[in-house]
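Same chain, two partners: chain A is paired with chain B first, then with chain C.
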Partner chain A sequence: MADDAATTEDAPLEQAPATDERRDAVVAELTELLGDAVVDSLVKPGLGIWVRVATDAWSETAEVARHRMGFRFFDFLSAIDWLPSPYGRYEDAAIEVEFPPPMPDRADAVPGYTGGDTRFQVLASVAKPGTDLRLLLKADVPDDDLRIGTWTRTYVGAAWHERETHEMFGITFEGNPDLRHIYLPSDFEGHPLRKEFPLLARVIKPWPGIVDVEPMPGEADDAEGDEDA
Partner chain B sequence: MGLVESGKMPKPLTKLLNLSRKYSVWAYQWGLACCAIEMGAAFASPRYDVMRLGVIPFPASPRQADLVIISGTVTDKIVPAIRRLYEQMPDPKYVISMGSCANTGGPYWDSYSVTKGVDQVIPVDVYVPGCPPRPEALIEGIALLQARIQNEDMAARWKGEQGQEPIVVG
Partner chain C sequence: MTDVLTEAQQLAYANAQAADGRVNVEVETEDGMTLNIGPQHPATHGTLRVVARLDGEQVVSADVICGYMHRGYEKLCEVRSYPQVTTLVNRIDWLGSFANEVPFILAAEQLMEIEVPDRAKWIRTILFEMSRLANISLFIGDLALQVGAQTPAFLAFRDREFVLNQIEAVTGGRFHPNFDRIGGLKDDLPKGWIADTKAAMVRIREFCDLMDDLVLGNEIFQMRMRGVGIIPPDVALSYGLSGANLRGSGVDWDLRRDSNIGLAYDQVDFKVWTHPDGDSYARSWVRVQEIRESTKIIDQLLDTMPSGPVMAKVPRIIKVPEGEAYVATENPLGEMGYYLVSKGDTGPFRVKIRSASFNNISIVPWLLKGVYVPDIIAILGSLYFILGDIDR
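And then the complex of A and B:
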């Protein structure tokens, strides 16, 4: 979703209106219903709505979005780890990857739309059937206590998404009755979608795809030229 | 079966039995990912049609199967099920590992959840490389396996002494 928006930002649609009353109205209604719990919001005209809410209001936000505002369709729920990857891009790395790598500074993280103060954020997307309105909701998860309220009381379908987020990021959803692993074996250790989770195969073996890269047509291949001379 | 166990099978009888086994291979389908589509094409479509080779792809359970085709990505979570499937099959039993994922992990070589080759869990008789392999490749693997079955020494197989190298298609 953020990717789409970024692409559009680079090449704005000609038809995109300067303001979007319908989406502004959604934000206004949500702010009225939730009060101070709305921390920040962003409306991209014709595209989407991003709203960041307070951690304590996460469950209540779902309740309001579904029952008071008609966002009855639950799309997905997941999380983001904003820590920069300690491994860099494996594809660019030299053969020797230092392991374990030095942890990057949390301050280097670039927060996404509507900002953020913590390493982990949960995000969820809901939609209003019969319209093209979608609402992307975010909330910070405190660094020292990775807990946040559950959405399962409002959207039953969120249960599996919360199980996945729990095993992949280690975030606990309070009130979710069944946070067993869903994709990983039950004795799996670690949280694979955290940035510091090592892909051991890549530590042992450099990225094999790099040897397949051919020079672009027209690019001078210096080494080969020297051999010819 | 006393003859087989003692290794005193007359040669013509061995040949006859092997011929029968070769042309009635009951193949259990273990489709785990996109390779299963190619396996389906090889098995069910009139264009390829493995039944003309005497391969019957409809055993009701692994207990009726002679051959299992592991086609697709093997994850750590499904490994216990594959192990149990293999143990349920009666001897003599054969395994075809179809596609890059089942062979080595393939494009998921660095994944946290994918098993790097089904041969870490069960012995493999035929490797069919490809991502995914075309149905012809799978059929070639089956044909090579049938050729091996034809020349098998049943007594050695029965005693588990047959230490043959696995077949690699292509």
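And then the complex of A and C:
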């Protein structure tokens, strides 16, 4: 604010451009190669590319990204459960949560970027080595049949990530021959990263949570509830 | 029924035992034996377990069993508020703790669209690089120890102390600083810190020279490491190897240079070292060059340190607007990233932690095929993993 000269000079560097031709071009190329399989896409200029593909085209997307678009670096593969947690955020010890709590309505599962129709979505990231281009790929996993194609034929590194996703969410990757548990004991029941899986430590002893936030140094005399931005 | 089990049966048995935490599986049959290394074993640092099927001294197949230290951070993040998450993620790669906090904070800042003051960016970058020094200097000593040399380990512990002292002087914590905040840093630098740090950097450069001679230049070390555990670049990329493991295979890619977000790497001049060989020696060599380069980055940043505040104006109770962000940085062990999903709450809706060691170690079953038993140690040592970074 004080030195305007410095601010305006830095502005082009600091602020991401409104459009991002390189990332738009990646989306265009993927759309051309995959056709209708690209359901939705989002480009945040300078930051990232999100593309949602059809469930059936999940494995094919990996093939295209690696062999035809040069995204040879396998970053990670995981999933997101969009259902709100039935336990809330355990923030207020005063709120008694009955156990087990009623499941949230399926309609409350609101997906994030690029939308979605199902509770679970798989999420993966691949990158082009030597550049800052990174492709974040999503696909719906049908509610009644948690199955989707494997990526292991394209990216060998996906094998462990699919094992982890399988045990944490219960999603089966068709074509992955080895979906043993990777972190949990082999006879562990349940899928811990699903929202309805209780974090038992917190159920037994609720977290005092937000009431414990200490004031920042020099802010002690602030009026309570002051949330100036 | 015969007494001889098939290989598949043996592996199934060993894996079932392994997964349940029972130890010391050794199944011997006519055509070889199954050797268990770990989870508590001098050759593994931390509790990584390798079950290898041997034919004589040669490994036919190997399986890696992890999860003995799984702490469920991704689940825990979902019930914590944003400032509380940094305390957790400090414990992922415990030798370079500060570096774990940075990508998470950057992801939250990206969603909140906060511009961090320059001075905070500089100090963040310096502490980030100091985490690398603390982490990798110990790696060199540890690696030498694993292949039979004791002295470098003591030297590494001695010289790492110079870095840890400087980190402690700023943050108050030697191993778990918990110093990074959304919007900047907790505190400014203490008085006299810049001069002390420059002196420490000189010591670390001397340490690098020493290690170049004592470890990398050592004939025995080279015989153990050269030509062992070769990873071609395409395989490395397909497994998602990152950091020095990838650059040791000749891939010229460094997130600090190529996709710098929110740190001051665009202000300094540094070289990204690569090695074309892709063997254990190349990975070790790249790491030593990297920490020497790190000291130069720190020196440049200390010289150009801007003045001003270290904290942007942020609300007292932090709520991150709805959205998704993935930010990855070049951590000591390789690429570390956080996929952050926010629903506009005081805590994350979902956090996917992409830790470097998980990908780096997933190549081991492939890499160990056909090697001799002593080489297992050299390969695991040179891939360099931290158990907390695998098991999260």
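By definition in this document, the second predicted complex is superposed on the first by the 191 of 229 C-alpha atoms of A that agree within 3 Å, B and C clash if a C-alpha of one lies under 4 Å from a C-alpha of the other, contacts with A are read in each partner's own complex, and residues count from 1 in each chain.
FYI, contacts are C-beta pairs under 8 Å (C-beta built on N, C-alpha and C of every residue); 3 or more make two chains touch, one makes a residue touch a chain.
These numbers come from a predicted model, not from an experiment.
Student: Residues of chain A touched: more by chain B or chain C?
Tutor: It is C that touches the greater number of chain A residues.
Student: Quick check on the superposed pair: does A:Val156 touch chain B, chain C, both, or neither? Answer first, second, both or neither.
Tutor: Second partner only.
Student: Would you check which partner chain A:Asp105 touches, where first means chain B only, second means chain C only, and both and neither mean what they say?
Tutor: Neither partner.
Student: Is A:Asp145 contacted by the first partner chain B, the second partner chain C, both or neither?
Tutor: A:Asp145 contacts neither chain B nor chain C.
Student: Between chain B (first) and chain C (second), which does A:Glu189 come into contact with in this model arrangement: first, second, both, or neither?
Tutor: Neither partner.
Student: For A:Arg202, decide between first (touching chain B), second (touching chain C), both and neither.
Tutor: It touches chain B and chain C both.
Student: Going by the contact rule set out at the top, does A:Asp36 touch chain B (first), chain C (second), both, or neither?
Tutor: neither
Student: Taking the contacts chain A makes with chain B in one complex and with chain C in the other, which residues are shared?
Tutor: The overlap between the chain B and chain C interfaces on chain A comprises residues 183-185, 192, 197, 199, 202.
Student: In the complex, go through chain A and note every residue touching chain B.
Tutor: On the chain A side, the touching residues are 183-185, 188, 190, 192, 197, 199, 201-202, 208.
Student: Using the touch rule from the top, collect the residues of chain B that touch chain A in their complex.
Tutor: Against chain A, chain B makes touches at 76-77, 109-113, 116.
Student: Name, in rising order, each residue of chain C that touches chain A in their complex.
Tutor: Residues 15-16, 19-21, 66-67, 70, 72, 74-76, 78-79, 81, 110, 115, 234-235, 237-241, 246, 251-253, 258-259, 261, 313, 315-317, 322-326, 328, 335, 337, 339, 341, 343, 345-347, 350, 352, 354, 358-359, 362-363, 366, 391 of chain C touch chain A in their complex.
Student: Can you check the complex and tell me which residues of chain A touch chain C?
Tutor: So the residues of chain A touching chain C come out as 14, 47-48, 50, 66, 72-76, 78, 80-81, 84-85, 87, 89-91, 112-113, 123, 125, 129-132, 134, 136, 155-157, 159-160, 168, 180-187, 192-193, 197, 199, 202, 207, 209-210, 213, 215-216, 219, 222, 226-229.
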